[in-house]
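Pasting the structures here.
In what follows, subunit A forms one complex with subunit B and a second complex with subunit C.
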Partner chain A sequence: MLYTSAEFIIFAAVLLAVYHTLPRVCKPYLLLLSSVIFFASYAWYNLPFLIFTVLVTYAGGIAVAKVYERGEGEISSGEFDRETKKEMRRRVKRRAKLVMALTVTADIAVLAVLKYYNFALHNANALLHFTKNESDLFITLALPLGISFYTFMCVGYVVDVFRKKYSAERNILKVALFAAYFPQLVQGPFSRYDETGAQLWSPSDVGADALSWAFLRIAWGYFKKLVLADRVAVAVNALAGDADAYRGAYALAAVVLYSIRIYADFTGGIDITIGLSEALGVKLRENFIRPYFSKSIAEYWRRWHISLGEWFREYLFYPLSIAGPVGKASKWVKKHVGAGAAKRFPVYVATVIVWFVTGIWHGAAWNFIAWGMANCVVILISQELSPLYEKFHAKTGIGEGGAWGAFMIVRTYFLMSMIRMFDVYADVGKTFSAVGSIFTTFNYGVFFDGSMLTLGLTGADYALLAVGCAVIFAVSVLGGKKSLRERTSGRYALRVSLSCLLAVATLVFGAYGIGYDASQFIYNQF
Partner chain B sequence: MDTILQLLSELHEDIDFEECDSLVNDGILDSFDIVTLIGEIADEFDVQITADKITPENFNSAESIWSLVSELMDE
Partner chain C sequence: MEKKKRIRTAAIIIAAILVSLCLLDIATRLCVPKYMSGALDGAFIAEYYDEKLPHDVLFVGDCEVFSNISPVALWREYGITSFVRGSAQQLIWQSYYLLEEMLAHETPKAVVFNVLSLKYNEPQKEAYNRIALDGMKLSRYKLAAVEASMLQGQRDADTGEVVNESFLSYVFPLLRYHSRWSSLTSDDVKYMYGRDKVTHNGYYMRVDANGVSPDELPAVRPLDDYTFGSTATEYLDKMVTLCESHGVELILMKAPSLVPHWYDEYEAQVEAYASAHGLRYINVLAAANDIGIDYETDTFDRGMHMNLSGAEKVTSYVGGILSDEFGIPDRRGDEEYASVWAEKEKFYDDMIAAQQKELAELGHLVHFGAVG
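Moving on, here comes the complex of A and B:
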């Protein structure tokens, strides 16, 4: 059931109509039922995997809490001196950590087997040549919908319980709804249990302000997805389909067009998700803050797919960079290499691992790993160069505003968009070759001789894309200082009119019919 | 507290760390800075800041960092 399908529109409309007639106490059960139906509509036979993850996560959370309860009971049952109590607490924490680690391993194992087994088998076979018919050994199941999202959310829940950020949930249905909440299954955003757990079980009333904003947001999301992302996809697919022929200026066109596609696709999908969820009385976190206005890659990653970046920072980067073995290795580096290298060591190790995992999270393929590593290299180089930048700014008096700021934005945009081409060409060698050709093949005349009209898009299509991008740009600028939600607060007529306008524009200009494919969201495949 | 201020100023010379109380929220301290700072704090005060203590609230000001370190030293 794609967001862009008629089935989904009917599903969502019926759900909203029934949902708002139910007493509050019944709403979570309807949400859970709808989520199961939505999940099963993709591949019903994957339900056992989701149920397994929910059961393991629920049981793991309870087990961690029990270890702490028993430990505190033991400590308070006798009169121990301070040192003994400290040692007892350390023992309890070690036991809780073991239970947490086992739970996380079980959660990740399902994802690992279903998503990475074929990739690992293929690469192992390429090295060891143990079979000539490796495809016979492949798992041919479709991936469970949203597995990369709900698995990480469940891992976050168990780790948070271990960290005593909140208590373990005693009601398994609440854990199930947290994991399976259908708007988030499509492409996130990742939420934390303390953000959405209580809301899902006791959704807020949806007033006129929230509802009018929710529908405007949904309409805006569909506009971006169907008018822009799916339209530009035609040209992107043509360019990526024959990377050897489309070089130089064509590769540059692919870079720019794909940046439009992924932005409109991903942010459009998230707009629909957040809007729909708001209409159900559940507020989800924002996943983007005008990312193409970022002045550095590090800043870009704080503004693009924010929930993923925060998840990795909180549950992987920090634990890794301050882990005992990393600290010990850092001391070794200090002794044998120097203080400067030792200072960098934990950050470098954690950054490399995090970007490797971020890459492979996006897909079980070398091009995604290369994409992650390219981000890593650029971030580390930027980090190394930052004292130089500071000196440059101090000496020249040039700040990060004005023309220099604009240059930084454009530089970051092109750098990120070029790195993203690993995703488009799906082949490391082709990506290097095509992106490299931008600087070596000077065929820029193709922008003016009508060649761009041979990629499946007409002049009118390009004009529509230009107008759409201008509207996105204007909306981004308008929402910069004061959010559009605040700007339009209480102006229901305006919101309803804009929603209708966007809906009509989507119906009239949406990319349907022959040559177009109202496709799944890109991030749904990750 | 002075040591914390000293460590922070080594990371960013141009920031008034005595006054600023939104170091993380305003993006002044990024994750790289925080990891470096935790390493320095471990060397200076012999305390280990665990991952669950790395929250914006604990790192938003020199004072909150100092109170976290003090708390860990008392444990």
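Moving on, here comes the complex of A and C:
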């Protein structure tokens, strides 16, 4: 049931109608039921994997909480001195950590087997040549919908319980709804249990303000996905499909067109998700803050797929950078290399691992790992060069605003867009070759001789893309200082009118139906 | 003040929704193909709704009815009132639902079904589905025809691509034709709210000749299986029942054409079916020589479809049977009919003159659906 299918639109409309007529106490059950239906509509046979993750996560959370409770009970049951209490608490924490680690391992194991087994097997076989028919050993199941999202959210939940951020949930249905909540399954955003758990079980009333905003957001999301992303996908696929032929200017066109596609696709999908969720009385976190206005890659990653970045920072980067073995290694570096290197060492190790995992989270393939490492290298270099930048700014008096700021934005946009080519060409060698050709193959006349019209897009399509991008740009600028939500607060008529206008524009100008492949959101494949 | 503001907001919201619906209606009217120049086939089916008087004979089937039977010629020679409801490669279930729709509005004396489409047991092409179904008014007959016709994961016989048609797009055609926004022509604006007539009670006229000698035809390709499919036969059964329930005589017909080849095995099955169900079967293909059909002068596309000359010969032959064997009345004495059919005759004669003029000037036809 694709977001862009008639089935989904009918499903969502019926759900909203029924949902808002039900008493509050029934709403979570309807949400859970519809989430299961939505999940099963992709591949019902994957339901056991979701159920397994829910059971493990629920049981793990309870077990961690029980370890703490029992430990606290023991400590408070006798009269121990301070040191003994401290030691007992350490023992309790070690036990809780073990339970948490086992739970996380079990959760991740499902993801690892289903998503990474084939990749690992292929690479192991390439090294060890243990079988000639490796495809016979492949798992051919379709991946469970949203497994990369719900697994990480469940891991976050168990880790948070271990960290005592909140108590373990005693109602398994609440954990199930948290994991399976269908708007989030398509492409996130990641949410934390303390953010959405309570809301899901006790959704807030949806007033006219929220509802009008939700519909505007949904309409805006569909506009971006169907009018822009799926239209430009035709040309991107043509360019990526023959990387050897489409070099130089064509590769540059691929860079720009894919940046439009992924932005419109991902932000459009998130708009639909957040809007739909808001219409159900559940507020999800924002996942983007005008990312193409970033002045550095590090800033870009604080504005793009924010929930993923935060998840990695909280559950991987920080634990790694303070992990015991990393601390020991730092001491070794301090002794043998120097204090400066030792200071950087934990951050570097954690950064490299985080970007490796970020890469492979996006897909079990080397191109994604290369994509992650490219981000990592650029971020680390930029970090190393930051004192130089500061000196440059101090010496020249040039600040980060004005023309220099614009240059930084354009530079970051192109850098990020080029790194993203690993995703487009899905092959490391081809990506280097194609991106390299931008600087070595001077065939830029193709932008003016009609060659771009051979990529499956007409002049009218390009004009429509230009108008769509201009609208997105204008909306981004308008939402810069004060959010559009605030700007339009209380102006229901304006919101409804804009929603109608967007709906009509999408129905007329959308790239859907026969002749177009109904495409899933890009991030749903990650 | 607050109340005033609320009323104003509600009014704007209602207005916005109404304006959107109007815009969608305009966009739909603008984007749906008009079939007024180039290929005209898609305009045939809807012309039935303009009919003012009922008919004594209804013809249903594929291109072999719309190019071979001329209701105006039938009127002129026998005074029989008729309408042809056929479209390109119209499948039997489409003919069935079109017939069911017509029988809900009138009760003719006879229905003539051309049997060529019995050879198709599955939907073939999305384009032909559209040509047959887009012109139908929204009704339960249309919905049933859509349900029976949609390609669902089958390969399109023309493009070879796997096609999944959407039911909704037949109800809301904008969902299918919206992508025409970038290729609209002046016709799309001109015919937004009404189209010209292109047929003569469903008959598609062509006066030009592009004949073929039977010796020039390619060798007949043997088939693995000649048996009509179960779905096709099931709809023929339904057609028999439908006609019986309305007290209408069902007649089977095979029009004369050299392409596609009509196999003896097909013929035997139709004969057996007609005999088993007590139906009259008019095989004009077999009678072609006797009625003077000359494939070198009487077709406009090398043996597939009759031109005006061929169609009038076929019509005369079929009309004789309808009149003699089925007693279909001559309505030429009825003033109401005479005045309506006089208009049709004028349109018919004018078009013959126009086509002949163009043919004389250019040596071939360009308009009238000849190029498209």
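Everything that follows uses one rule, which is that the second predicted complex is superposed on the first by the 523 of 526 C-alpha atoms of A that agree within 3 Å, B and C clash if a C-alpha of one lies under 4 Å from a C-alpha of the other, contacts with A are read in each partner's own complex, and residues count from 1 in each chain.
Just so we're on the same page, contacts are C-beta pairs under 8 Å (C-beta built on N, C-alpha and C of every residue); 3 or more make two chains touch, one makes a residue touch a chain.
Computed from a prediction, not measured in an experiment: that's the story for all the values here.
Asker: Give one word, clash or fit, describing how subunit B and subunit C relate on subunit A after superposing.
Answerer: fit
Asker: With the two structures laid over each other on chain A, which partner does A:107 touch: subunit B (first), subunit C (second), both, or neither?
Answerer: In the superposition, A:107 contacts neither subunit B nor subunit C.
Asker: Once the shared chain is lined up, is A:461 touching subunit B (first), subunit C (second), both, or neither of them?
Answerer: Touch status of A:461: second partner only.
Asker: Between subunit B (first) and subunit C (second), which, if any, makes contact with A:510: first, second, both or neither?
Answerer: Only subunit C; A:510 stays clear of subunit B.
Asker: Tell me the angle subtended at the Cα centre of subunit A by the Cα centres of subunit B and subunit C, rounded to the nearest 10 °.
Answerer: 160
Asker: Does the superposition put A:6 against subunit B (first), subunit C (second), both, or neither?
Answerer: second
Asker: Check the residue A:497 against both partner chains and state whether it touches subunit B (first), subunit C (second), both, or neither.
Answerer: second
Asker: Please work out whether A:346 is in contact with subunit B alone, subunit C alone, both, or neither, and reply first, second, both or neither.
Answerer: It touches subunit B, and subunit C stays clear.
Asker: What is the minimum C-alpha distance, in Å, between subunit B and subunit C after the two complexes are superposed on chain A?
Answerer: 38
Asker: Residues of subunit C touching subunit A in their complex?
Answerer: 8-9, 12-13, 16-17, 19-20, 23-24, 27, 31, 126, 163, 165-166, 168-169, 174-176, 178-179, 181-182
Asker: Under the stated contact criterion, what part of subunit B meets subunit A in this complex?
Answerer: 27, 30-32, 34-36, 38-39, 42, 48-52, 54, 75
Asker: Applying the document's contact rule, which stretches of subunit A touch subunit B when the two form their complex?
Answerer: 86, 163-165, 298-299, 302, 313-314, 317-319, 321-322, 327, 330, 343, 346-347, 350, 383
Asker: For a test of understanding, state which residues of subunit A touch subunit C in their complex under the given definition.
Answerer: Counting only subunit A, the residues touching subunit C are 6, 458, 460-461, 464, 492-493, 496-497, 500-501, 503-504, 507-516.
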